[in-house]
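Letters are used for the chains, namely A, B, C, D and E, taken in the order the chains are written, and counting of residues starts over at 1 for each.
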Amino acid sequence: KNSKKNEILVLHAGSLSIPFKEIAKNFMKKYPDVKVVLEAHGSRTCARQITDLKRRVDIMASADTQVIKNFLIPEYADFSIDFTTNEMTIMYNEKSKYSDEINAKNWYKILLRPDVQYGHSDPNADPCGYRTILTWKLSEKYYKVPGLFKKLDGEMPKKNIRPKEVDLIAMLEAYELDYIFIYQSVACQHKAKYVMLPDEINLKSPDLSDLYRSVSLKISGKKPGEFIEKRGAPMVYGITLLRDASNPYLGAKFIEFLLDKEGQKIMRENGQPEIIYPNVDNYNKLPEILKKYFKKR
Amino acid sequence: MKFKVIFSFLGFLLILFIGIPIVKMMISTDPSTLVLTSKEPEVYLSIFLTFRASVWATIIALITGVPLAYLLARREFWGKKIIEGLIDLPVIIPHTAAGIALLTVWGRNSLFSKATGINVIGTEISISIAMFFVSVPFLVNAAKDGFKLIDERYEKTAITLGATQCKAFFTVSLPMVKKSIISGSLMMWGRGISEFGAVIILAYHPMTAPVLIFERFQNFGLKYAIPVTVLLILISLIVFIFIRIFEDK
Amino acid sequence: MNLKITNISKKFKGFELKDINLEIREGEFFVIVGPSGAGKTLILEIIAGLLKPDSGEIYGIRNKKIGFIYQDYMLFPHLNVFKNIAYGLNIRKIDKDEIKSRVENLALKLEINELLQRNVANLSGGEKQRVAIARAMAISPDIFLFDEPTSALDRNSRIKTQEMFIKLHKKTCSTFIHVTHDFEEALSLADRIGILINGRIVQCGKPDHVLNSPVSKKIADFIGYKNVFGGSIENNTLNINNLNIIVPIERADFAYVAIRSDDIIISKNKIESSARNSFFGEVENFFKKSSMYEVILNVGIRISIDITRKSFEEMDIKIGDNLWATFKVSSLKVFKH
Amino acid sequence: MKFKVIFSFLGFLLILFIGIPIVKMMISTDPSTLVLTSKEPEVYLSIFLTFRASVWATIIALITGVPLAYLLARREFWGKKIIEGLIDLPVIIPHTAAGIALLTVWGRNSLFSKATGINVIGTEISISIAMFFVSVPFLVNAAKDGFKLIDERYEKTAITLGATQCKAFFTVSLPMVKKSIISGSLMMWGRGISEFGAVIILAYHPMTAPVLIFERFQNFGLKYAIPVTVLLILISLIVFIFIRIFEDK
Amino acid sequence: MNLKITNISKKFKGFELKDINLEIREGEFFVIVGPSGAGKTLILEIIAGLLKPDSGEIYGIRNKKIGFIYQDYMLFPHLNVFKNIAYGLNIRKIDKDEIKSRVENLALKLEINELLQRNVANLSGGEKQRVAIARAMAISPDIFLFDEPTSALDRNSRIKTQEMFIKLHKKTCSTFIHVTHDFEEALSLADRIGILINGRIVQCGKPDHVLNSPVSKKIADFIGYKNVFGGSIENNTLNINNLNIIVPIERADFAYVAIRSDDIIISKNKIESSARNSFFGEVENFFKKSSMYEVILNVGIRISIDITRKSFEEMDIKIGDNLWATFKVSSLKVFKH
């Protein structure tokens, strides 16, 4: 496939599937002789495809810009563009217990009711997982309920954890869980009901990064048994062009399209608004055509 | 009498166990959605692709696996048990690991690719390769067990009647274990269809039905994934029943 | 080319086929006859090359077409009767019409023409056997190897089949190696007979010769001599239970004498004749056979005498009757073991 | 002769196809890592869990599936073909879909759970359920094909000798198809071990070996996933060879 | 309780078992004899309850222990010889030692004691048959159903086995239903014989009676009458090929007359006797049997005559010789079809 000209392979986080599909469609409309191939995996699995399975990939978009920075730079890629954000929400459906009562103020009380089942994805495997933990820790501060995190964590049986957010959706749809912690974009795309959480705990706002930084958790490190500390940070999606890209130019064109008006519009419509001050990790290594988006700063 | 009742009861439990989830899934889909789904090119193309790739894998397995099964059933040789163990192995290898192992052998950096200049990854061929790897043991073992239950003297008789060993195999041994081989082929074909873990490592595109179902589920939820699944099941069921009826002829 | 079997041996736990040497002439009808478990099937399998002997060689079989009939038929269960018979012809890619006519011909001869479209699984025992015969005959083999091909047949079918074998043999000049446990069948078919007992060919020769001159007690027993007595011989006399039997050899420390049941004459009064052995005794028992009676006469030893139904009725024999048994010295066979 | 050469060659191709990826994976792991890995409780516990859960599934399948296989092989009844088709179906259902279907039947909101108050999701039981569902067709079909090749008159003979139908089944039919059933059980057991997609829907924890391998691959990379895989393969291979040797006794 | 078989029918494509009615007394030794494909095995299977007839009932079989011996043995391939024989005993949970002694006893009687630990797959045909017999006998059945249990045995083993059956029958008082294609065997075993031809019981009665009074040509053929001639009868005379045979009935538009080969006397000169049929002819052929000769004499029609070996040799018969054949009117059987 890599021998085929005018084809770019984009690996992206599962939560980006819908907007990326649309963007790819429009991109291909604009450049009819180009073919964009999309593959969705968990963010870390995307990285593993490149580092461990040696796939030849053009673009990778991750739900956490840190994944790109930790796994790919500097060996496989030179820069990471922060291009969108997201927020944590609690997704549910009509059959969820007490779904008519839940709101941004009482959600933790409802979750802690004994007949309510809730779950999140695996913090070690999925950014959505550790972000849930961070949200719980921030909630303890925000709602001023001491021990809330411990309670939320303790009340939830381990069996309610699933590796990825999609596995959680299966649990929700089968009514195995009443509430799951998930990205707002995913809830939005599934046309599901969700609880909008305050910015202080939903990890959306870059303005609140200091607040977010005040909480942390340990997740697994480079090898089994090793742990690293993960500090709270605003949710930032990263995208990069791989050094080994088969079509670096087209790849850059795709990123350009994403960052441009049309792309950003699609992102917004899918619940993933642009970052007001787009950021790049390594401006110098940026392809020329992309530099324009960051000069403004 | 009691015997029949108990046996029927036990069998019935099994049928319920398998049937309820499947039927439940089926009736959760209304026919009109099914019809609509079946008209989506993405859906029917991926189902055909899946069937086709698995058919290819099964054909290759018939060509290579049935002879192997025959040798394993008929001859004694050193290392036979090891080969039998090896043939069983793909069954237990976790699918992702199987995909990764295949990638190292068929991928961009493999000897094969370097020697031939061909890169099969991401093509229909690689899908067949993944399907073949995870499902060929079912065919080989079914054929082997079939051959073992056939008296070798039938072949000898054919040979005295003027058949070469080869002819004896094709005109006597093979037709006599036809049912086992058909059954094994069906199992292999079906197992290939369902494969996700290994296939997705070798080829995310073109999308096989399981990958499509997974993707739809991830992006849009069960409501969009189930009709594709039901469609896949219905078509397969028809194929299965058809072949099961045909095999008795 | 003659078929030459030299020094064939095959050993199993509990059974051994030992040093089989046979030369079977091309076109000969050779019958191997022996009791159950003697190794008959094994020999045939070895000749056909279906079983490897431990040692020994077979010459004259290579490139020969072989018609082998397994004792348990081995009809192909996935083919119907017609296709079973036609198998060898189809293999040879013979013209369809030709196959059809040949198969139908054979089927007619063997009276299975009405079964041609039948599944072989539910044929009767005898029908299966005839299908197996037809299948082997279809390929016009150079060498027929028959493993008890008539054992499942009733008398009339058997006789018909035997007659067919004889005709076939005359017509084709093929070599026939025929295995049976029925000595009668061997007599009526064979050019030469080989007697196989316990894994060894113990006697080999023309039917007449074998019938009249068994060389050991075992063989005599097997081919139906019911009167075999052992003892020491002195002065041309074997003394057994105070009975003096005059025998054709002068002396021996130990020997068997044997006489066929139908070589003994039975009479109410002593027959004065050249037959020098004549004994008086009491009828102990008699058995009815389809065309004769077997009378057991106790003359000190029990001797078995076959007489025709007619004589039996005329003499009005009853248990307890006292009668004379008379036989010639020359009809006694003598052997050492 | 030519026949043997061609057959050996074809079989050899198959052995290469299966063997190379496996051997490559094995030799990419140095023994010391393997030893270290085998000492990690997380690893050996998950391997044991996997084996155990699959053994349970296989045992239940023997109890319910073999009687069903027997009925399917021996009796004619209305709807038989449909049941045969149904039994084949789990093989083709994409694993994730199978997991979801099972979740709706065994989950918290299912009739089963409501009636019994038991929630099996996330337990070893649910792992066995998932394994059972995806792999039971292999056992049923192997047994069925075995029974079909056995002359029914053997059972009749046993009955005239005083056996009940039940006794005849256990003392005659079953021992006669022993090999097919062992082979089918092995396939089923192995297939259960490798299952990932359906298992993960029903139970992420406790972690089965395939789940652990996937997790390690995702979090730590191949370097840490492969040794677990190799360990799993080695242990399974020993089990397979052992049973294959034992079965000839 | 007697075994009563009433109106049993079973239809296949191409074969029909029709209206079988039999009453077999408890403890009787009943032999069903018939040619290959007559339906013998089917009847046994129906009696044993292994095959459902289309119509008809069987009384007196319920709760009876049945010893069934399949024509193709059906030995359990996964059990060795010992375990095959012991199967029925094990099922009945009999004491191990008891089983052992019973099995060994039976094996000894059937001369398979050396095979007890053997795999059944590679037994010889006759060995298999004897194992099957032992297995059925082991459970001391109330009713024995034997399907050609001696067809694979050589003469001596067969006679031994037959003797064993007779002893067993005397000792156990079990009912024996024995199927064979060998009329000779039927004669020597049966209390009563049923002749089955083409799916119908055509004659039933004591052995003697059946032997001497076949009621149709088919039966006469089957039980070995070689001389059966058909024609119209007038004035106690059957005219056939200008030959006038005097027969015991006065007239018939069409009838068969039959005479056994051994009821005819052969002589160089015309015998003046009460035997009123005497014909002159030429020896066309002769066949050697183990204890006699069959001579084919052409007296206008071909008649077959059995004479003893002795007479044959004394008369020095050669092909082309002219001889007289003589037989009594009373030894002629007459039947309409």
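Observations on the model:
FYI, a contact is a pair of C-beta atoms (placed from the backbone, for glycine too) under 8 Å apart; a residue touches a chain by one contact, two chains touch by 3 or more.
Quick caveat: nothing in here was measured; it's all calculated off a predicted structure.
The fewest steps needed to get from subunit D to subunit E, moving only between touching chains, is 1.
Take away subunit E in thought and the touching chains that remain still make one piece.
Looking at which of B-C and A-D shares more C-beta pairs in contact, the answer is the pair A-D.
The mean-CA centres of subunit B and subunit E are about 57 angstrom from one another, to the nearest whole unit. Separation between the centroids of subunit C and subunit E, computed from CA atoms only, is 20 Å. Inter-chain centre distance (subunit A to subunit C, centres taken as mean C-alpha positions): 92 Å.
Rounded to whole angstrom, the centroid-to-centroid distance between subunit B and subunit D, based on C-alpha atoms, equals 15 Å. Looking at subunit A, one finds that residues 53, 170, 173-174 touch two or more other chains.
Within subunit E, no positions touching two or more other chains are listed.
Within subunit D, the positions touching two or more other chains are listed as 96, 100, 104, 214, 217, 222. Listed by chain label, the pairs that touch are A-B, A-D, B-C, B-D, C-E, D-E. Interface of subunit B with subunit D (complex): residues 2-4, 6-8, 10-11, 13-15, 17-22, 24-25, 61, 63-65, 67-68, 70-71, 81-98, 100-102, 104-105, 132-134, 136-138, 140-142, 144-146, 148-150, 164-166, 169, 179-180, 183, 186-187, 190-191, 193-194, 196-197, 209-210, 213-214, 217, 222, 225-226, 229, 232-233, 236-237, 240-241, 244-245. Subunit E makes touch with subunit C in their complex at residues 12, 14, 34-41, 71-72, 114-115, 118, 122-127, 129-130, 148, 151-157, 181-184, 187-188, 207-208, 211, 221-224, 260-263, 287-292, 306, 308-310.
Residue ranges on subunit E touching subunit D, taken from their complex, read 48, 50, 65-68, 70, 74, 76-79, 87-88, 90-92, 135-136, 139, 145. Against subunit B, the residues of subunit A that register as touching in their complex are 1-3, 14, 17-18, 21, 37, 39-40, 53-54, 56, 166, 169-170, 173-174, 189-190, 192. Touching subunit D in their complex are the following residues of subunit A: 42, 44-45, 48, 51-53, 95, 117, 122, 124-125, 157-163, 167, 170-171, 173-176, 220, 222-224.
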